[in-house]
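A short write-up of the structure that comes next.
So that you can tell them apart, the chains are marked A, B, C, D, E, F and G in the order they are listed, and the count of residues begins at 1 in each.
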Amino acid sequence: MKIRPLHDRVVVRRMEEETTTPGGIVLPGSAKEKPQQGEVVAIGEGRFVDGQLRPLSVKAGDKVIFGSYAGSTIKIDGEELLILNESEIFGVLEG
Amino acid sequence: MKIRPLHDRVVVRRMEEETTTPGGIVLPGSAKEKPQQGEVVAIGEGRFVDGQLRPLSVKAGDKVIFGSYAGSTIKIDGEELLILNESEIFGVLEG
Amino acid sequence: MKIRPLHDRVVVRRMEEETTTPGGIVLPGSAKEKPQQGEVVAIGEGRFVDGQLRPLSVKAGDKVIFGSYAGSTIKIDGEELLILNESEIFGVLEG
Amino acid sequence: MKIRPLHDRVVVRRMEEETTTPGGIVLPGSAKEKPQQGEVVAIGEGRFVDGQLRPLSVKAGDKVIFGSYAGSTIKIDGEELLILNESEIFGVLEG
Amino acid sequence: MKIRPLHDRVVVRRMEEETTTPGGIVLPGSAKEKPQQGEVVAIGEGRFVDGQLRPLSVKAGDKVIFGSYAGSTIKIDGEELLILNESEIFGVLEG
Amino acid sequence: MKIRPLHDRVVVRRMEEETTTPGGIVLPGSAKEKPQQGEVVAIGEGRFVDGQLRPLSVKAGDKVIFGSYAGSTIKIDGEELLILNESEIFGVLEG
Amino acid sequence: MKIRPLHDRVVVRRMEEETTTPGGIVLPGSAKEKPQQGEVVAIGEGRFVDGQLRPLSVKAGDKVIFGSYAGSTIKIDGEELLILNESEIFGVLEG
């Protein structure tokens, strides 16, 4: 099953969190900071601004960075995904 | 009796909730998470943006996903339905 | 005495509440849920959007559905009526 | 002394309150509900919307209905009047 | 020293408060209601609305009426004046 | 080091506060009211409104008056300056 | 790894804080005020305003000044950076 996001929404898969600190301590689930990075899975068709459809500035496969509390968590086929407005995405990681 | 939603409103029938956990435990009503998915029953005629009527991006029969607290519950002929603004719908489930 | 609502306002007469539960218990006034349905009594002339007067999407006689806390109660000739903005009306009941 | 309201403001004289209940009990001042009706005394010249001056939809002499807490009370020559934005007026009573 | 208000701002000198009640009681400073009336001392050049500069609807010398808590108090050469947005002025007293 | 404010921002140097009351009492720092006046040090290039760049209505050297809590304090080369939006400036003192 | 900020976002590297007071006292980490200055690392492509893309008014390498609580902290390759909207930047330091 796939999701087609509406308008300026973006579906993101959070990146795996480091479960070991630089000093080698294994972190239990609740002590881990939620990663602020993820990979774009699907994007909406864009938004109408001043009468024109503006496509989004990210695309599927982009690695994006966003705020810790951005978006809503949804479940598709048991997998947790994040759904964001494009305006909640800070930028795209490159290189 | 049918409802004709106004403007950018969408009437959705929530999907049935799983009443059994993956481990086989039967959940009582209050412990069940409200499903975030539903089927579109009826849509409004769209919204005027910059002087043009824009039809909605969902249609009757679409399976949609939305936030846990989105919309208002209404009762039509005894059946509980959800009425949402299209902007509260995250996306359409496909395939 | 009649009321001519201004702009996008709609005057609605709430439908009579069921005072008996399906099981036959007569409900006292305070235990009754306010009905979310009513009949349109009068409508405003519409609203200016992008320089054009847009008439409302409901008309006198329509059965409409709205949120439990929508609108303000007014009294005309001793009768309680509800005055709503059209945007507070979810949809029109048909058939 | 007269007041010329600016823009979309409307000066209203509240209607006299009933000081006797239907059952004949005389109500002291503090138990009386503020009347939601009044007569328009003066109106502003209108508001600029999309570059055009739109005159108001009420005129001096109209009996109008508004919310219990709408507007600000002003005193002109010792008389208490209410000053409202036209958007706080629900409608005009006719007939 | 004079003040040239910017844009849609208006400088107002509050009218002198009555320090004696109709019954002849002299009111101490703290029991006096702040007067809601004043005289316009200076006005801004207007505001750009839809690409056009709209001059204000009040002029120096006008007696205006405003809300009790409107505006900010400023001191020019030791005199207390009130600075308001034109939108905080209810109307102009005439005659 | 100089600051070039962006858009509609204005850099202001607060005027020196009176440290002696009219009666000759020397005020300690914490009892002094922050002066609401200052001199414009630098201005931004203006703001786009309806597709046109509108330059600001104040210029370097102007004595301006503003609210007690307006703006943010910044430090440039050890000197405390105030940075305001032009909309926080009430007016220009002249003569 | 580099970040390409979206729209009107700006990535800034905070300037090093003074860890010694003018009087020679070494400040521990928690007593140090967060510096309000930083260097622009990357900028977004601009924002659509009235149908036109407006590029930003800062560029990579600019020394900028901003409010103490502006922006969100992100981590790229272990380095803490600040991501701001251009509107949170007060101005550019020059000379």
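In this text, a contact is a pair of C-beta atoms (placed from the backbone, for glycine too) under 8 Å apart; a residue touches a chain by one contact, two chains touch by 3 or more.
Going by UniProt, the chains are A, B, C, D, E, F, G = Co-chaperonin GroES.
No experiment lies behind these values; they were computed from the predicted model shown.
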| item | value |
| --- | --- |
| Same or different contact residues where chain D (Co-chaperonin GroES) meets its copy chain C (Co-chaperonin GroES), judged by the half mark | different |
| Separation of mean Cα positions, chain C (Co-chaperonin GroES) and chain A (Co-chaperonin GroES) [Å, integer] | 42 |
| Chain centre separation (chain A (Co-chaperonin GroES), chain E (Co-chaperonin GroES); CA means) in Å | 52 |
| Multi-chain contact sites of chain E (Co-chaperonin GroES), meaning residues that touch two or more partners | 50-51 |
| Pairwise touch network: line, ring, star, complete, or other | ring |
| Chains listed in ring sequence, where chain A (Co-chaperonin GroES) comes first and chain B (Co-chaperonin GroES) follows it | A, B, C, D, E, F, G |
| Residues of chain C (Co-chaperonin GroES) that touch chain D (Co-chaperonin GroES) when the two form their complex | 1-7, 9, 11, 42, 44-45, 48, 50-51, 72, 74-76, 83 |
| Residue numbers on chain A (Co-chaperonin GroES) that touch chain G (Co-chaperonin GroES), as the complex places them | 36, 49-52, 54, 57-58, 65, 67, 86-87, 89-95 |
